[in-house]
Amino acid sequence: MFYTDNKLQYPVRVETPNPLFARALQQAIGGIEGEVRVAMQYFFQACGARGNNKFRDLLMNTAAEELGHIEMLATAVALNLEGAPLSMQEEAAGDPINGAVLGGMNLKNLLSAGLSAMPVDSDGVPFDMSHIYASGNIAADMTANVTAESTGRTLAVRLYNMTNDPGMKDMLAYLIARDTMHQNQFMAALEELGGAEGNFPIPNSFPQDMETQEFSYAYLGFQADGSEPAQGRWSKGTSMDGKGEFTTRVFKPLGDEPNLGKAKPKSGAQSQQI
Amino acid sequence: MFYTDNKLQYPVRVETPNPLFARALQQAIGGIEGEVRVAMQYFFQACGARGNNKFRDLLMNTAAEELGHIEMLATAVALNLEGAPLSMQEEAAGDPINGAVLGGMNLKNLLSAGLSAMPVDSDGVPFDMSHIYASGNIAADMTANVTAESTGRTLAVRLYNMTNDPGMKDMLAYLIARDTMHQNQFMAALEELGGAEGNFPIPNSFPQDMETQEFSYAYLGFQADGSEPAQGRWSKGTSMDGKGEFTTRVFKPLGDEPNLGKAKPKSGAQSQQI
Amino acid sequence: MFYTDNKLQYPVRVETPNPLFARALQQAIGGIEGEVRVAMQYFFQACGARGNNKFRDLLMNTAAEELGHIEMLATAVALNLEGAPLSMQEEAAGDPINGAVLGGMNLKNLLSAGLSAMPVDSDGVPFDMSHIYASGNIAADMTANVTAESTGRTLAVRLYNMTNDPGMKDMLAYLIARDTMHQNQFMAALEELGGAEGNFPIPNSFPQDMETQEFSYAYLGFQADGSEPAQGRWSKGTSMDGKGEFTTRVFKPLGDEPNLGKAKPKSGAQSQQI
Amino acid sequence: MFYTDNKLQYPVRVETPNPLFARALQQAIGGIEGEVRVAMQYFFQACGARGNNKFRDLLMNTAAEELGHIEMLATAVALNLEGAPLSMQEEAAGDPINGAVLGGMNLKNLLSAGLSAMPVDSDGVPFDMSHIYASGNIAADMTANVTAESTGRTLAVRLYNMTNDPGMKDMLAYLIARDTMHQNQFMAALEELGGAEGNFPIPNSFPQDMETQEFSYAYLGFQADGSEPAQGRWSKGTSMDGKGEFTTRVFKPLGDEPNLGKAKPKSGAQSQQI
Amino acid sequence: MFYTDNKLQYPVRVETPNPLFARALQQAIGGIEGEVRVAMQYFFQACGARGNNKFRDLLMNTAAEELGHIEMLATAVALNLEGAPLSMQEEAAGDPINGAVLGGMNLKNLLSAGLSAMPVDSDGVPFDMSHIYASGNIAADMTANVTAESTGRTLAVRLYNMTNDPGMKDMLAYLIARDTMHQNQFMAALEELGGAEGNFPIPNSFPQDMETQEFSYAYLGFQADGSEPAQGRWSKGTSMDGKGEFTTRVFKPLGDEPNLGKAKPKSGAQSQQI
Amino acid sequence: MFYTDNKLQYPVRVETPNPLFARALQQAIGGIEGEVRVAMQYFFQACGARGNNKFRDLLMNTAAEELGHIEMLATAVALNLEGAPLSMQEEAAGDPINGAVLGGMNLKNLLSAGLSAMPVDSDGVPFDMSHIYASGNIAADMTANVTAESTGRTLAVRLYNMTNDPGMKDMLAYLIARDTMHQNQFMAALEELGGAEGNFPIPNSFPQDMETQEFSYAYLGFQADGSEPAQGRWSKGTSMDGKGEFTTRVFKPLGDEPNLGKAKPKSGAQSQQI
């Protein structure tokens, strides 16, 4: 169950409203790297967590934090939209180039939301909840969370570099710090679950002698000229899960040309196929 | 540039066609954990790779492999759909319960594709390319790939457990082995890039003294009763990136209630808001 | 800012797990009438609320409640999925009709989520955040909320009628009661804002003498035979906003056939169009 | 069945073509508040209407009107796109700032549609038919229609305020008037069905003594500090449906921490969860 | 402008309601081969038609017809849903296998639409208006329409083969006949525009001497072993547009390995890439 | 199975990077007329091809070619993004108008992809795999491919006309030539399958005496005033499939007003409908 106190987790202030930066910030709300995504991802992972409850608690606690981040960013978007022109005339008065501000905004922030934030990305594409990764496998979930926080921090850094508004830089410096922690905390959860050797290959509950082990640690080459693919840590030495030895192998097809044969009559095919 | 030889990478054989299993296999083609996703993700990551070219080659080489996996699975779907009823009557003849097979299929596999595979998931939802994570940050990309292969192998294991067709089990045992390798190879790429300490927090090009470091390694608590959140490896000790020390802290809001003030006249608000 | 106590708002208990009912319940999570929708809608409306702050507080307070409803329903889905078959064989053992349970489930609940809830509807379609209506106009928002709670309660009633599990009926009776309140509370907010006469037509900030008033209260007929359209409260008498008198009028086109003329050279048209 | 006369319902004229305004107008075609939405919503509601046929007729008649509105707006978009630059050079010749017009347009209007309208919103996002609310409950449908016309008129007002083209203002003044009528006509339909007391809570066919009535008219508080939530018409007095008395109550969880227990073996979980 | 007479274009009758067939029919409403698609596609093509107006009229006239087809199919879906069980108990009473009918239905037809049609496909996926192809090029549009009617008639034939209800077979025989005509009428429009030689390659307004003509009629081979690709009418002889001679050529890359070089500092890349 | 050589099919060079043109090129990658679409469409058609295998080979061979086109265009996007401003300040330094370049870009190309290509269209909308038409009917598929190449070449021509960069014009001239060939090759496949008379109406496996032949070649008029619709090649003369004679007929409804009667109790309708 959730509670609110209507306050912002961290102060949000905008010295010079910038409607284009409002558009950029939308990516941090409704983009695939954004806060709606992480809030809902941790929430759904928590709801489906089986096994030791402390992982459920870690996830739900962090979901609560991320809800507060959405609130901060939505406030930042609204504040940046203050001063956006509402008409071609108003725009022309403030700026010699007709359309440069309106044209650079997400028009839906004005037309659909009346100068407020929306759960859309920086190009106005609504967030799609298929991006909520909650697999029922705790290690896969934690790995997905490290990914989400890595792209999330990368986005926050790009936004930080884009603006020179001191209020926005301050808010983003806080969010970047939190992403640092969240990357670390989900790696720590993986560590607590046994680290690379204890968890990988995910899922670790499948007996590896049932997979086709000849190919389990082979770096296969698909170069047209039959040459070896580019070498690296992945092509020789002990595998990262400690359970195999990397090899390299130029691959040849093991199967034949597939042939589905004739189409069934009455299946809507052409008569030439039947 | 790409080439084909029209052959299957690994043999695909179905002893007892099962239209419901065809539907389940669709998840491995067009699901978010599926092969279209990884093929296109590695492809786009390769196309945008900057820096040492061997990572580009690793990605493009693996993309070529994954294209072949789609081909295998699409063949498996078509073979499992052989024998699907084309009509209510045909179904009733083979099975006393009208609708049990047709009702359990993805009807689009019949109605739209004429008993062939489609780039949709097991509930008939088309794959959406927003799931292609290609961030321009090589470590974030590799982390995303470990995630993709972890959920991918989890899915393949669930499919393996669901069927008892020897041909399908053989094919899935091969795909599970390849996912084992791919989890390992992308972890190896991260290792080659410097491992956790060399890469995290991602992006490592942002000077950490510009983030609000007071919060960089603090596990913050958002429990309604003000208690500490559940403890674990993430709440004390050295951080996973080796750059900080985990602490725990019950959080209180640092900001005030946000107040956006009045709406602008002519912004389409109610007069009560202006 | 948000807080959690990890507890369920209301008890969730399932006496006889039913994977098909789990699928039906998904509509109440990720359907357009579902709880993710209302939680996020009230949240975004609150974040963009301008004018008297008590509406912001009403919205954010109710958003907190709805987050707890998602949690309840996600738990109910997971509990109903206990006992779902993991394989064709397991299914065949418990039930003479191969595929009747697996075929009736959302397969993604098993394949993607490992027997847990997802933010998708009862056909496995992910929730799309374009359904978050937050218009920046407080009366339009409140009207949208009455709509959301009306379709929400209709859905909850259909689910209540579908099941005979006492635990599920108890949980749904609670949710139905809350939808009763929420319909009423958002109508009350409209009342406090001035009711039909004070708010409509929305937005009330546009001077009505600037609209083409000849058509503002006319029920126009588009019947092919030129007859009057079906009469009702909408075709005569005082309008609901108290600002006009309903009339009925058979409509004839006031414009001509549109003619866009020739296509521009170099616009990619056929030469026959240029 | 439908008929056409190829004429515009109301004259559409553009004095000064403005490609950015074409983009804004797209919201009124393919946005969630747009005309495709209302045309298709009333159409599908009509097709599913059960009970007194006059509501079906009202809906289908209005659907016919709305189809004509799409036609008007599509013509307006095409006329505003006349004069859009087809190349960087053409643009540079007319305007000192390279890219300001092309950059502000929906490029798909040029690249995909050859300077014509598309069923997309002002950011180029295609309309998604999940926004067609047709619930099978006539009162819920009418409420949804009041909502659609409220956000529709809000959008039309914003567009009116954005342009100073006399032709466009004239067209929009007509559309705003029609939205005034449509808000009123659907409220009138609700009135004819019995008004707030006759219809609410929706659906009114569910016996209220089967809901958990203790919570049916209680305004529940979810404030972190346990204080009462903000008061208003919704917190005391007779409820809007006339069937209860509003109360206020600070809420405490009635359920416990959910515990899903162990994961099933073979469900693809980690062995630590099993 | 559009008019309605509320009548069905062709009689719709269902002798034995079948909820699973209702689900199948949904594909013909909201599938990519369905009637919403063609109605809206011809409508938008008409709205954007430049050049000879008779093509606009052909398109708008056919759009009106297709709207009537949606109406027929929506009625057919609702009639097939009569008799669907509303509860697990009701189902169990009529059918020994719990869940076989409910599990085979689109649950949204019941839960969201109250036993009515929706603009979704046979798996419950909503129609997405990006499928409206209206290119601004009249020949491309007509070709797209032949395609739409080809997949549309294929779908209608599959539905005809699936059912043995005489009323449904009669309705589908009518729709199949109309698709026959529509395939022919759009081919006739292409013929009137000059046929293959007059129209192809589309767009015919681009001077072919500006394309890289060495490759304009060459069938290029991408076989891994460097062999020629499979021969056919496409590999030698005069081209179908009459403007070239087909040749076959094994292809070798003309470009080098792409190299994007280093990432820009401050672009959010890893320091290893900069 | 697929192979790569990491080389570009054709040289890609950009003399003057232009971030707005990068955005336009995105349409050729992730737009519905783009290369992801054709690559995946031919790939899935090949995987489901039944009947003569040479069509499968034609399709898979061309899929391999199109994968190389994505690679070229993704490289072109990245090269055009070189020099995009990373901040408001950087932009302001190079250009007097703040926001004109950043505002005209797809911001996701910067924020999500770090100056690289994405599988999205020119407005940042991700490609949706429902656009992969693979019908199981070989003639319908080939017709769909002619359509795809027609809109594809139209798009390439528009892009060619938009830029004056010699490198980009050279690349596009190559792609336009390939689209010329692909239009021709798929028409040739139709010819080899028997041409219009041998294939149409599609599917040709349905006995035409089972369709309602009275309407199979009639151009039906839906003009409101009962006049004949606009005449053309489609209204008289032999039909294009050679199997009928075109006629024209003003249409009157053959069905009655539909009446679904009362709603079922417990179906969630209002009591007024029951």
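Should a chain be cited, it is by its letter among A, B, C, D, E and F, assigned in written order, with residues numbered from 1 in that chain.
We adopt the following convention: contacts are C-beta pairs under 8 Å (C-beta built on N, C-alpha and C of every residue); 3 or more make two chains touch, one makes a residue touch a chain.
Per UniProt, the chains are A, B, C, D, E, F = Manganese catalase family protein.
Keep in mind that what you see is a predicted model, and the values were worked out from it rather than measured.
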item: Chains contacting each of chain C and chain D, listed by label; value: A, B, E, F
item: Most distant chain from chain A, judged by the mean position of its C-alpha atoms; value: E
item: Distance from chain C to chain A - Cα centre to Cα centre, in angstrom; value: 26
item: Geometric centre distance via CA averages, chain B-chain A, whole Å; value: 10
item: Residue list for chain E, restricted to those that touch at least two other chains; value: 1-9, 32-33, 47-48, 50, 53, 57, 61, 64, 68, 71, 75, 78, 86-87, 97, 100, 103-104, 110, 112, 114-116, 120, 123-126, 128, 130, 135-137, 139, 151, 154-155, 157-158, 161, 202-203, 205-206, 222-224, 253, 257-258, 260, 263, 266-269
item: Chain-level touch network, classified as line, ring, star, complete or other; value: complete
item: Chain E-facing residues of chain C, complex; value: 18, 20-21, 23-24, 27, 31-33, 97, 100-101, 103-105, 121-125, 151, 154-155, 158-159, 161-164, 222-225, 253, 257-263, 265-274
item: Contact footprint of chain D on chain E as seen in their complex; value: 1-9, 30, 36, 40, 43-44, 47-48, 50, 56-57, 60-61, 63-64, 67-68, 70-71, 74-75, 78, 112-120, 126-130, 132, 134-137
item: Chain F residues touching chain C - in the complex, by the definition given at the top; value: 154-155, 157-158, 161, 224, 266-268
item: Touching residues on chain E, where the partner in the complex is chain C; value: 1-6, 47-53, 86-89, 97-100, 102-104, 106-108, 110-112, 114, 120, 123-126, 135-139, 193-194, 199, 202-206
item: Partner chain C, residues of chain D touching it in the complex; value: 1, 3, 5-12, 32-33, 53-54, 57-58, 61, 64-65, 68, 71-72, 75, 78-79, 86-87, 110, 114-116, 125, 128, 130-131, 133, 135-137, 139-140, 143-144, 146-147, 150-151, 153-154, 157, 160, 170, 173-174, 176-181, 183-189, 191-192, 196, 200-203, 205-206, 208, 210-224, 229-234, 239-241, 244, 246, 251, 253-258, 260, 263-264, 266-269
